[in-house]
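Below is the structure I would like to discuss, written out as structure tokens.
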């Protein structure tokens, strides 16, 4: 098992390096460079070129990459062209917001997925199952952004149960109870919207795991032992079906990343996704780069986490 | 002293295909005594496994008609709770494929212990573990303590089959059903597993139903043999009788198609086993495979005839059967 | 005809494995009422939007008319106008056509590449497979939406084809992984081994022996991908990174709803587009799922 | 003259381990196997799962890459004969175990049987069709079947179609890998009889791979017993069955269930006795790694794996 995990971690390192190279090259291809954000637009071309040379902007790409990467390792994500401040400062609060939004989404996703998946799998081909699969069916075919808009329209504007934008009501004392409550309130609608769509794949996965496990031969062995149906379910079917779901966990992060971009835009939620879109529109590419890099690393680590969980829970990998 | 353990009367197990039910086991009656091995032979599609599953009540979507009396109690028609009291305790089963018959995510020890938890709840945890270790040792798996903690994928096929057997015999069952227990195994392992089953039968004084397609296995193991074809028993007899004086055309053909000493040409049975849907429900089911035998030789509704004590043959065609090639004709019974 | 079944398991033949597999998939759709209705509706939508788009003047539709801003539905504008006074109905038609075209294009590009990738990795296995799978793993963990947006914003010559290629470049992994795992199973089967001993070349074995045997999986996956791609395209357009500017798109119509005024009071701008996207995705999925059920049911028994 | 000569054949599969997935060792699937087959004979290769018998067959026809050793066919070295070397390739054909998977379900019988013809011979459509039809007749199927698909046939019929494909380009050697083990007893007989018939007709040589000693005894002239990639015993069918020398062979022979119930006790005791001998004299027959020793001749035809004398 340890070998498996170490090998898996070793795969992660080139992935992260490759991701950073890819992003760096993309940044090079982006119109404008660090200079355009730094200097007065009225400076002459010659002066600019001299400055470029001085700042090392004319160096070959791999040298520039080395410099950029060593900065990254020290936590230096570069400067924002537009806001004239370190990207890391710009990102910090946004990242915290997105983190809470993602966490809330994940929790709601599982709160929905596990009971629905279990019911649907256990009572497959009943009316209950049909209604649950009906939901997953429609959920699969509904783009998140449309669903988000509808949720905002219904619960934000029509019923006015939730705030329609922002992450907290302005003017509240950070750390106070009202502040936390307001944060949660702002979080809830986007998180529920995302979770309701995101959860359908988990529900379906769990359902098909259960239906598959039900048909496995060792279930017959368990019945032949004289185990009651409920015991067969709890001891054999459920246990065996839930383990792969646990391993699914890390991959959810990948799905979340795509989702936050849409949800944060729709609900005006000041997180990383919104920052990303804003920065793209402002052509503030060092911020764009940093956001994509962070999300990319999160996804890579999520996949790593999934595989590690799998290797821990499945004895076929654990004992080798 | 042999007592009647199991008595099956007119069992019919049907599966639904499309809108109709088709009987895979059709009007089967048999008995099993304790300390006796009843061999059931047949090719694929004969219904032998469906019969085993019917006895254990393991079919989830089949229609079962008829009676299965276990020690006088009709287990085809009892509540699931009562059946669960018997399964794993009085009745136990050994499955064909040891690779899939064990839960891949559960330790060997826990899988064996489960049967004890279910039927001997009064056992303490310590007693239970001791018993499991004893069982692992009983089925001759080396290093019981070690194997107790292992998972199925760490064991070879033969070892896994021993675990399956250990599960089956954990509560000293009176009736053991072995469904092709050695088909997935190598021949040297097969010999060991068969010897083990025989010894366990003697020790526990149980009745065993041994289902197989291998005539050699039956010849070595069974006390009595039932030959199944297309869902029915076509011949049932004491083992020596069956091999020395087979009567039903199917039994004879089957025996002739196995290579034996000095045989030049193997016998080939014409045609193929009909599918469940296409099976003729009237007349002799084997008639189509022996077209040279006159149609009048068959019964309209073939029944089992007791030709000598304990020897039953279905359909009257047996007395008119001969092999079409000259050389075999001499052996055929009642040449006409 | 001589149909011979030796046991219960073989009694129900896997039609997707038999020559008439595609015919049977078709039959399955016809039998499945929902899928049939979906297919008919889809065909109607397709014919309708392509037909009308043919006669509509796109320049006319996207021309800003400041005297007709935010008009509610009327006789002149069946579905009203947007903030630039442009006809919603016309945009809807052309947008749907564009969404479908892009959907097909992306599905085809990513499908062809993914199938070839998966077949080659799965068939050769070993080191080839290992190396190819590392590449695939990497692509799969990339933040798809964001990279597409970044690419879209930096590509200088931005056209519909460029957009499709960018989308396909980050979207071929799913089908490739699926095909690869199927090809891995398939190549172990004796018919592939037999072809090798009979002197047939690898290329021929991959595309003439193995591929036909997984054609139903390919069809099912491509159909489901089509639904997904329509959704992804409209999502990107919604964010403003889909179609080139001034090309009508369903996602663009929906993006107007990020304005609270529009969301609350001008339903005619975004609701029809939302419904159209939902209906199209659902219909394509219905067809795809019916195909999948047909394939699965047989495989479980076969 | 020997049509096939295999000399010290080794097929190793790498074992990957460690963090970098390097090859740390090899599974010696076939570990130094030598034999030769005379034209027109049937040579049986017997062993349990994992013995390397199938790998040996697959290596001979080029489906496994050979680690070392030599395969000579008709005096020519075919050890690593490439895909392009069609003249040699067409002379060696194979019959597969599973008749359900060895025929491409998507192809018509015509295309299945014609596959080798298309690869090795340039026939017109008309000639090709005729050839396929005559092949179908040889294997006892109706020539009208050419437009049918494999699923329309039973297991035994499919196996015969597989044989028709194998003999389409008139090979000299056929490697039959467990050709009947997936079939029911009564169907086995049909395929075995048929294999014997075409052998006589076409003067074929068989390398017959099987785990079933009864069938091998019925079919083969010479037999080799394999265990863990090595030969333990080789000889004529009579040598092996009437005078088994190696303890593993004895064990294998004693394990075959006897079809006569009267021999039950005898068989049981024989088995017990062999088991005892196996336990007692294991070290006389296997080296420290549990592998068989090199072969020593004990008669003109009979070779047994024993430690070198002296």
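Going in written order, the chains are labelled A, B, C and D, and every chain counts its residues from 1.
Criterion: a contact is a pair of C-beta atoms (placed from the backbone, for glycine too) under 8 Å apart; a residue touches a chain by one contact, two chains touch by 3 or more.
Being a predicted model, the structure only gives us computed values, none of them experimental.
Relative to the whole-protein C-alpha centroid, the nearest chain centroid is that of C.
Of all chains, the one whose mean C-alpha position sits at the greatest distance from that of chain D is A. When the interfaces A-C and C-D are ranked by how many C-beta pairs touch across them, A-C comes first.
Averaged C-alpha coordinates put the centre of chain A at 55 Å from the centre of chain D. Here the CA centre of chain A is 24 Å from the CA centre of chain C.
In terms of their C-alpha centroids, the spacing between chain B and chain C amounts to 51 Å.
Centre-to-centre separation between chain C and chain D, using Cα means, comes to 48 Å. Each of residues 154, 184 in chain D touches at least two other chains. Shared interface positions of chain C, i.e. residues touching 2 or more other chains, are given as 3-6.
Across the complex, chain A is touched by residues 56, 58, 80-81, 83-89, 92-93, 95, 97, 100-106, 114-115, 118-119, 150-151, 153-154, 164, 167-168 of chain B.
Those residues of chain D that touch chain B in the complex are listed here as 48-49, 154, 156, 184-186, 188-190, 192-193, 211-215, 217-218, 251-252, 254-262, 264, 267-268, 271. Here chain D touches chain C in the complex through residues 58, 61-63, 83, 86, 89-90, 92-94, 96-98, 100-108, 115-116, 119-120, 149, 151-155, 157, 162, 165, 184, 187, going by the rule given at the top.
Contacts from chain A toward chain C in the complex involve residues 11, 15, 18-19, 26, 29-31, 137-138, 140-146, 149-150, 152-153, 157, 164, 215, 254, 257-258, 261-262, 265-266, 276-277, 280-281, 283, 288, 291-292, 295-296, 299-300, 302-303. Those residues of chain A that touch chain B in the complex are listed here as 216-218, 220-229, 231, 235-236, 239-240, 243, 314-316, 319.
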